[in-house]
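First up is the structure itself, then whatever we jot down about it.
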Amino acid sequence: MDIVVNMSSGLCLLLGSFLCLSGGIGIIRFPDFYTRMHAVGVTDTLGAGMILIGLMLQNPDSLVIIKLLMILVMTIFISPVASHALAKAAFRNDLVPLSDRNEHKGGTESSNP
Amino acid sequence: MLIAATLAILVVMMMAIIRGFIGPTLYDRILAVNMFGTKTVLLISLLGFVMGRPEFLDIAIVYALINFISIIGVLHFSDSAAFGNDPHDTGSTKKES
Amino acid sequence: MILGLYNYWVVVVLMMIGLYIVIAHGNLIKKIVGLTIFQTAVFIFYISMAKVDGATAPVLAEGISQYSNPLPHVLILTAIVVGIATVALGLALAVRINEAYGSIEEESIQNQDNQEC
Amino acid sequence: MRDLFAVVMMLGIFGLLSASFFVVMDAVDVAFTEASVGAGISTLLMLTAVTLTGRLEDGERHRPMWALVVVFITGGLLIYGTLDMPYFGSADAPIHQHVAPRYIHDSMQETGLPNIVTSVLASYRGFDTFGEVVVIFTAGMGVLALLTMGSRTGIHRVMADSIFYLMHEQHLILRILTKILIPFILLFALYVQFHGDFGPGGGFQAGVIFAAAIILYAMVFGLSTARRVINRTFFKLLSAIGVLLYGGVGVVSLLNGGNFLDYNVLADDPVAGQHLGILLIEFGVGCTVASVMVIIFFNFSGRREFP
C-alpha cells in the first residue's frame, strides 16, 4: 500500500514537472503572444495540479493536505481566469494574432499592422 | 523525485525570466510574470517538503492570492488610455541594459 | 576557503546595480526602482547572515534543536513594510513633481529651475 | 529598458524571486511579508505612479562612465570589506553569539509562543516595532498630504474617462471570481493575523493582505463603487487607532507597574500577560498597516480620476 502511494506520488510529480517544462519551452519557442499564452495557460493549471496532488500523496498530515487542497482549488480558479483576462485585454488593445497578419515571416518580431 | 521536480520548476522559472526580458510586447511580459508567479507557488510548496517543514504552506497560499491580484492590477492599468494605444513596447528594449 | 563568502558578493553586486541605476539614470521613477533594488540587497545581506547550516526556520517544533537566528528576520520583516511605505512616499513626490514641472527627468527639471532664476 | 512598464514588470519578478530566496534561507516570516508586499502592493503602486507620470524614460544618462567608476570603486571596497566576514552558514559567527541563543532557548518559557520571530518582534523588541509602526503611519500621512491637495492638470481628466469604463463593462468572469475570492482573502488575512503567534504571520503581513483584498475590489469594480462601500474617514481614523492601541498597551503596562511595553504585568500570570499584550499590539499593527496601504492606494489612483 505504501509503495503504491509513493509510486503514484512520484508519477504525479514527474508528470507535473514534464508539463511545466513543456510550458516553459512553449513560452520561449512559440512565435507570437497568443500561441505563447496557449502554451502557458494550458500547461500551467494541469502541471500545477499534478505537482500539488503528488505532494498531497507524500504527506499524511491532514492540515498540510487541506492547505495543499486550498492551493489547488485556487490555482484551478485563478489561473484560467487570469489567462482569460490577459488574452482579452491583449485582443482589445489591437494586438493582432499571427494568423491574421498580412506579412508573417514566422519570427518573434513585432509587427505593426 | 522532489528534487527533480524542484529543478524542473527552476528551469521553467529561468525560461519565464528570459521571456520577460526579450518579450517584444507588453503582454508577453505580463504573461511571463503570471507564469513566474504560479511557478513560485509550486516552488515554495516543493521547498517546504524538501526542507522537511511542510507546515509553511501559508506562504504559497498568499502567493496564489497576491499573484492574482497583481495580474488583475497590471491588466487594469494597462487598459488605461495612456497605455492602450500601443500594445508594443515603445523604444528599443533589446539595446538597453 | 574564500568561496564561503559568496553570499556577500551577490549582495555587493546587487547593491552596485541599484547604485548605478540611482546615479546614472535621470528618471525619478527609475531612481526609485534602483533604490528598491538596493534595499532588497540589504535585506538579502541580513537574511543570509542569519542562516545557519543545518538549521531550520525559527518556529519551535518538536524534535528540532537548531534554528536560524530570528533577530535579523525581525528587523527585515519590519523594514520591508517600512520600505514600501517610504517608496510610496517617494512615488507621491515624483507624481507631484510631474504635475509641477510636467516631467520627471532630472535634466529638464533642473533646466526649468535655472530658467526661473 | 526605456519602457518603465517593462521595468516594473521585471521588478515584480525580482520581488517574487527574492521571496523564494527568503524561503530557502529559512526566513519564513520575511518571505511572507515580501510575498505580500514586494510582489503585490509595490508593483501596483509603481504602476500607478508610472501611469501618472508617463511611460517612457528619456534615454539620456548622466555620465555613465563616472557612475561606473564610482560603482566599481565602491563595490571593490565592499568586497574587500567582506574578506573578514564570517563564512556563509557558519554557526559560530558573532551574530549568533549574543542575544540570539537567549531568544531561541528562553522565549518559549517567557512568552509561550512557538514562533520566535513574533515573540521577538512584539515583546523583546517592542520599542523598535513601535517606532516602525509610527514611521509607516507618518509615511501614510505624508502621502495623504502630498496627494490630496494641489491642482490636477488637464491631461489626467482626459485619461480618466476610458479607464473604468473598460474594466467595468466587460470581464463578467473576472467580477464573479473576485466576488468569490474577496471574502476568502479577508478570512485568510484574519487567519494570518491571529495565527501569527504559532506559525509564520502577524500584523504586518495580515495588514498588507487585508489591504490587497480591498485594492482588488477597487480595481475590479471601479474606484467610485469602492468609495461608496469603504468609508475613507474610517480608514484615516483606523490608522491612528492602530498606533494609539500600540502605545496604549505600553501606557497600561506602565500604569500597572511595569516598564513601557512590558506585558508581564497585564495579567496575573506573566505568560498570559505576554499573550494578551502580543495579541493586542499585533492587532494594532495590522490596523495601521492595512489602513495606511488602503489610503496610499486610494490617493494614488484617485489622482487619475474625477474627485
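To keep things simple, chains are lettered A, B, C and D as they appear, and every chain counts its residues starting from 1.
Basically, contacts are C-beta pairs under 8 Å (C-beta built on N, C-alpha and C of every residue); 3 or more make two chains touch, one makes a residue touch a chain.
Note that the structure is predicted; figures quoted are calculated from it, not measured.
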By number of C-beta contact pairs, the top two chains: C-D
Cα-centroid distance, subunit A relative to subunit D, in whole angstrom: 29
Chain centre separation (subunit C, subunit D; CA means) in Å: 14
Subunit B and subunit D: spacing of chain centres that average the CA atoms, whole Å: 20
Subunit A-subunit C separation of Cα centroids, rounded to whole Å: 31
Multi-partner residues of subunit B (each touching 2 or more other chains): 16, 30, 32, 51, 55-56, 58, 61, 65, 67-68, 72, 78-79, 83-84, 89
Where subunit A touches two or more other chains at once, by residue number: 78, 81, 85, 92
Subunit D, residues touching no fewer than two other chains: 26, 28, 48, 50, 54, 166, 174, 181, 199-200
Listing of all chain pairs that touch each other, if any do: A-B, A-D, B-C, B-D, C-D
Touch list for subunit A against partner subunit B, complex: 9-10, 13-14, 16-18, 20-21, 23-25, 27-28, 33, 36-37, 40, 44, 47-48, 51-52, 54-55, 58-59, 61, 63-64, 67-68, 70-71, 74-75, 78-79, 81-83, 85-86, 89-90, 92-95, 108-110, 112
Residue ranges of subunit C in contact with subunit B within the complex: 56-57, 59, 61
Complex contact set, residues of subunit D against subunit B: 1-3, 5-6, 9-10, 12-13, 16-17, 19-20, 23-24, 26, 28, 31-32, 35-36, 39-40, 43-44, 47-48, 50-51, 54-56, 59, 158-159, 161-163, 166-167, 174, 178, 181, 185, 188, 192, 195, 199-201, 205, 209, 212, 215-216, 219-220, 304
Subunit D to subunit C touching residues, read off their complex: 4, 7-8, 11, 14-15, 18, 21-22, 25-30, 33-34, 37-38, 41-42, 45-46, 48-50, 52-54, 57-58, 60-64, 66-68, 70-72, 74-75, 78-79, 82-83, 85, 87-91, 93, 95-96, 99-100, 103-104, 108, 114-117, 120-121, 125, 128-129, 132, 135-136, 139-140, 142-143, 146-147, 150-153, 198-200, 202, 204, 207-208, 289, 292-293, 296, 299-300, 303
Contact set on subunit C toward subunit D in their complex: 1-2, 4-9, 12-13, 15-16, 19-20, 23-30, 32-33, 36-37, 40, 43-44, 47-53, 55-61, 66-89, 91-96, 98-99, 102, 104-108
